[in-house]
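First chain written, first letter: the chains are A, B, C and D, and each begins at residue 1.
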Amino acid sequence: MHSADRARRHFSSDNWSGVHPEVLAALAAVNTGHVPSYGHDTYTAATIARLRDVFGDRAEIFLVFSGTGANVLGLQTLAMPFNTVICAETAHIYTSECGAPEKHVGCKLSPVPTRDGKIDPDGIAKHLHDFGNDHHVQPSAVSISQATEYGTVYSPDEIRVISAFAREHGLKVHMDGARLANAAAHLGVSLREISGDAGVDVLTFGGTKNGMIAGEAVVFFDAELARNFAYRRMQGMQLSSKMRFIAAQFDALLDNDLWLKSAAHSNRMAGILADGLRSIDGIQLTQKVQANEVFAILPREHIAALQEHAAFQVWTESISEARFVASFDTTEQDVRSFVESARATITGV
Amino acid sequence: MHSADRARRHFSSDNWSGVHPEVLAALAAVNTGHVPSYGHDTYTAATIARLRDVFGDRAEIFLVFSGTGANVLGLQTLAMPFNTVICAETAHIYTSECGAPEKHVGCKLSPVPTRDGKIDPDGIAKHLHDFGNDHHVQPSAVSISQATEYGTVYSPDEIRVISAFAREHGLKVHMDGARLANAAAHLGVSLREISGDAGVDVLTFGGTKNGMIAGEAVVFFDAELARNFAYRRMQGMQLSSKMRFIAAQFDALLDNDLWLKSAAHSNRMAGILADGLRSIDGIQLTQKVQANEVFAILPREHIAALQEHAAFQVWTESISEARFVASFDTTEQDVRSFVESARATITGV
Amino acid sequence: MHSADRARRHFSSDNWSGVHPEVLAALAAVNTGHVPSYGHDTYTAATIARLRDVFGDRAEIFLVFSGTGANVLGLQTLAMPFNTVICAETAHIYTSECGAPEKHVGCKLSPVPTRDGKIDPDGIAKHLHDFGNDHHVQPSAVSISQATEYGTVYSPDEIRVISAFAREHGLKVHMDGARLANAAAHLGVSLREISGDAGVDVLTFGGTKNGMIAGEAVVFFDAELARNFAYRRMQGMQLSSKMRFIAAQFDALLDNDLWLKSAAHSNRMAGILADGLRSIDGIQLTQKVQANEVFAILPREHIAALQEHAAFQVWTESISEARFVASFDTTEQDVRSFVESARATITGV
Amino acid sequence: MHSADRARRHFSSDNWSGVHPEVLAALAAVNTGHVPSYGHDTYTAATIARLRDVFGDRAEIFLVFSGTGANVLGLQTLAMPFNTVICAETAHIYTSECGAPEKHVGCKLSPVPTRDGKIDPDGIAKHLHDFGNDHHVQPSAVSISQATEYGTVYSPDEIRVISAFAREHGLKVHMDGARLANAAAHLGVSLREISGDAGVDVLTFGGTKNGMIAGEAVVFFDAELARNFAYRRMQGMQLSSKMRFIAAQFDALLDNDLWLKSAAHSNRMAGILADGLRSIDGIQLTQKVQANEVFAILPREHIAALQEHAAFQVWTESISEARFVASFDTTEQDVRSFVESARATITGV
């Protein structure tokens, strides 16, 4: 795929997509002269104010470069090295950040088995033991992904149950919301209803996968946790000197609910893709399709041919399970064309 | 200054400036569809190839988000936690990265006193003792800044002398080249002559301060040091998922030597500013003006008034020393207007 | 138990036992005047030479304070922060060191499910994927415990198979030998046959659990790995200033094979205990008894009463499984008295 | 010296000395059977209670293996990675712990120049700037050594002045009291008067240099700081499984004020040595002799010969300055014999 025609679209990842044109336009709009660096400018202040309108007046919000940066620095505020963070065994922080949480927080992560990327109090409870035993890492936080790495979505109630359970046991709640917009679009709720209002203490609010170049927000619903975050962000190599250009990208997302339109669109494309694939004999979907991802078992012998049509990832080699991700710019034509090609390839019809 | 009119330009920092229009244009040019993420795309490959033309075929080059990220991850390849990195006491890594090297490398930094931001073998040698003594951190690298934090520039010979001395004592050489372009422009040499060719092992090649939004390159002249850098970059939270947009910015800098034109321009603006300030009774320059920075002692009582005209940083409060930085977009009119205003304010003429 | 009569013996842990009288005598013997500190004395040199007789001329050997210290510092030589160390989910390094490996090495540990504390190539292989993928931690080492935390023992062949498999995949092998003496005594082989000769690269050779006050040896069979270990040990807070007193303890263990006699004795006591418990209706052993530990399911309602007789740990609360550990000073009378008491309590006979 | 007759005594370090016979006797006295491990035994509880009699009822006290361990783990409670700890440039934590504070705390240390090992508010104040600036490490603690690494001693007033100044600026106070006993003996005050009562928050109370095998106490005068210390100690590899044997050593030191007798004795020996050396033409003392150390410039050409008589360290090679340390077991005869030998060697008389 590396030599792929650059104008095509694929199903490999929402990271493969480019940038929404309105995001690019927003960059130009703030390119106006000199303003204070490192976020002390009025553009950034205005964006933070808008994000506070979204997440609540008492939220403390910081912009950073990347999702891993947001997750790791957020977790730093919830765990000391002798703590552990409980998360799904499929969590991005556990599987796909090259050990960044362990290195930067210095703590262990405790994985909870899951079939669909979601965890619940029963799974969390398995790690709730040996409190006060100095040989054992002490649980201090739960981290959940919304939407999950399997494209599934926690309902507001499910999050509230986890948060209440966590609180009861003295744990804080972190949410990796790299695809929070997709979850909100699926549920038809506000971003806040499935984060701060549902008991989340620290949120990674993703922008990159939803049409930005690079930029995420760390949102603290508990302001005390944010107290030293400015130092953590700088020391954590996540402080952009020309911050206004991250702020502007979020501005574009907030204008006219572009974040929601893009997320709803990619969800819809995933739905169409799911329906199409499901209708093909020999393909079996493995997860509910709630956000912008489709997981499906494909006939192993046809995978290479299908990837010629559009790139996608083989997720679980052993069972020939593939992952398809729709993006803000995926078109219905992209989807239908792929489905027809798959049908022809697999069924010979 | 935070409420400053956003269309004006100042002398606070080359981080206060915006983005070169050609950089913005380059972003749009690569926004063409889906391409592999995390740098596995052909845009990034092409940019790396062009950077190799600049730094040599054997250079291993990685793009990252920020200067601190580039410095810290570069230093990680040169020092274990029981080592020490010898640097100027004025080095950005020592004074201005909120302890990031100590946290991420885990090692000590050993500062060398300096009057002008430059160090030499005599200063380095003061830290070369107790080799083999397990109570003492073991020197493993020297880090120099080119141009320095005081706007001074090492000659190629000075760098070669440091590199040879370092090598003789088993040390590697790191260069913080956040303003390498300004140094090359001042010296009239290529970027390579004052980095790899002069004995530097790992270089931070800065883009942000020279008109990019955000992006730096870590350049390894010793490929062995780069062996695991892909993992370090990801774990170090410096891997951009949509890498093509950092690559494109470097592309813009390389096209028609924009990097050099911008750097030469800002150097020239600093020179004009220096000449102007020098000509004012009551102002005394404190450093040679070689790159794009001017350091000057100002009458303390006039500083606030001067900052009304254009923002600049008070660098050394105790002696009323200020720092002025010119950017790619600083105009001769900006400079002359400030000088005249300063003259009027200070001398009443 | 905290107020237990201090002259009694229990089955809680070989850490509950005191010190072998010959170890105390050895301390007095080296308390002779001033000698160089930090291990530069002739006592330490002589002990290291004797340990080399045991582990081979090419072994590099360092004395440290504690088992966790030995494990963590040994692992530091086998893993960078972006690596992962594969180990049993029951490994002491994974469950009982309060996250010390994660904090000090900075890396992830990847747990392998196990029923008896042992792992094999099939279990290890589950973590051998995504080599070269910069999002995934890179496996660099396997760590096994000999004897395991369940008192089971790897045969020399089993270790060789693991080592060969590890080597084939570019991994090094670490052994937590806190109870290596017990394993050797059980197998009737030398310490070396189940460590260096079986392909282990770095070994923690335990002294504390076998009758010493505090002291472990880190043994490198691959001298290159030991290159910077002196610095790691000091920086790792594991360098004893009055090293001769750790050396002397090992000397006592080596004299007349005290290490072997003590280990064989505690193994034998565990065997007698196992036979006794096995003979009681209502008690079910859950692991093979090969070293000095016995795991058994006890009637839950009798546990408190049994602990009155002699302390032991409840290992798995959910199934009422207890752990019994014999020490160098456990007597046959201790064991028989406990068994009879247990029989009477449980069966009423 | 490595092959020196082991029965002799030297002036190299109080680490070269052996163990006080009463300390060895105390080990035997607690070697009585099985007791709970990891400090949950009644021996340890009793020792902690006795140490509380010394340092105050509200002190939280933890026993660890080593001085570096005590310092580093104590500092962990006073600094986050984005903080800095201000200390003398001669401090053991800055010069002689192989970068352990930087690695384990993750923070920078900010050195204060000093001629005699002592610092004062003026020196500390130099590092008190850029509070709230996220590019700069934030000062959070001052660390002082009592007695200093130059054998000088802070008066209670001097410590109070530093503590008050620190408190005023939001900093906590750490004391490296590896030789606190010597300082107290010199001043004729209690250990508490120059630690908790003088405003120290966290103290390393040294045992090893005063006749123990290995053992230090971390004393928290601010109990809140101790809240998670049990985890830090275990994760920090400083938790002794057979803790009673560290406790017993402190017990021996507390019995009949052995700590004070030993410290006063070694101070007196240093005083006699100082008087003797001072009386020799060609020798010049460079520091006040207040604790158990003497610093003196010796004729360079005679150093090797003097070291034949008794070992000592060359401290500052460039000025031929040597350090002499007296121990609990140094005899007046040792001192007088060395002085006479030195006089004969140097003056030929």
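Following the convention adopted for this analysis, a residue touches a chain if its C-beta (ideal position, glycine included) is under 8 Å from a C-beta of that chain, and two chains touch if they have at least 3 such contacts.
Since this is a predicted model, take the numbers as computed values, not measurements.
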item: Between B-D and B-C, the pair joined by more C-beta contacts; value: B-D
item: Centroid comparison with chain C (C-alpha atoms), farthest chain; value: B
item: For chain A paired with chain B, centre-to-centre distance based on mean C-alpha positions, whole Å; value: 33
item: Rounded Å distance, chain B centre to chain C centre (Cα mean); value: 51
item: Rounded Å distance, chain B centre to chain D centre (Cα mean); value: 42
item: Residues within chain B bordering two or more other chains; value: 38, 81-82, 97-99, 103, 134-135, 231, 234-235, 239
item: Sites on chain B touched by chain D in the complex; value: 81-84, 95-99, 102-103, 106-109, 134-137
item: Chain A - residues contacting chain B, complex; value: 1-10, 12-13, 15-19, 21, 24, 27-28, 30-38, 40-43, 45, 65-69, 72, 97-100, 103-104, 208-209, 213-214, 231, 234-242, 244-245, 311, 327, 329
item: Complex contacts: residues of chain A adjacent to chain D; value: 38, 80-82, 134-135, 138, 228, 230-235, 239
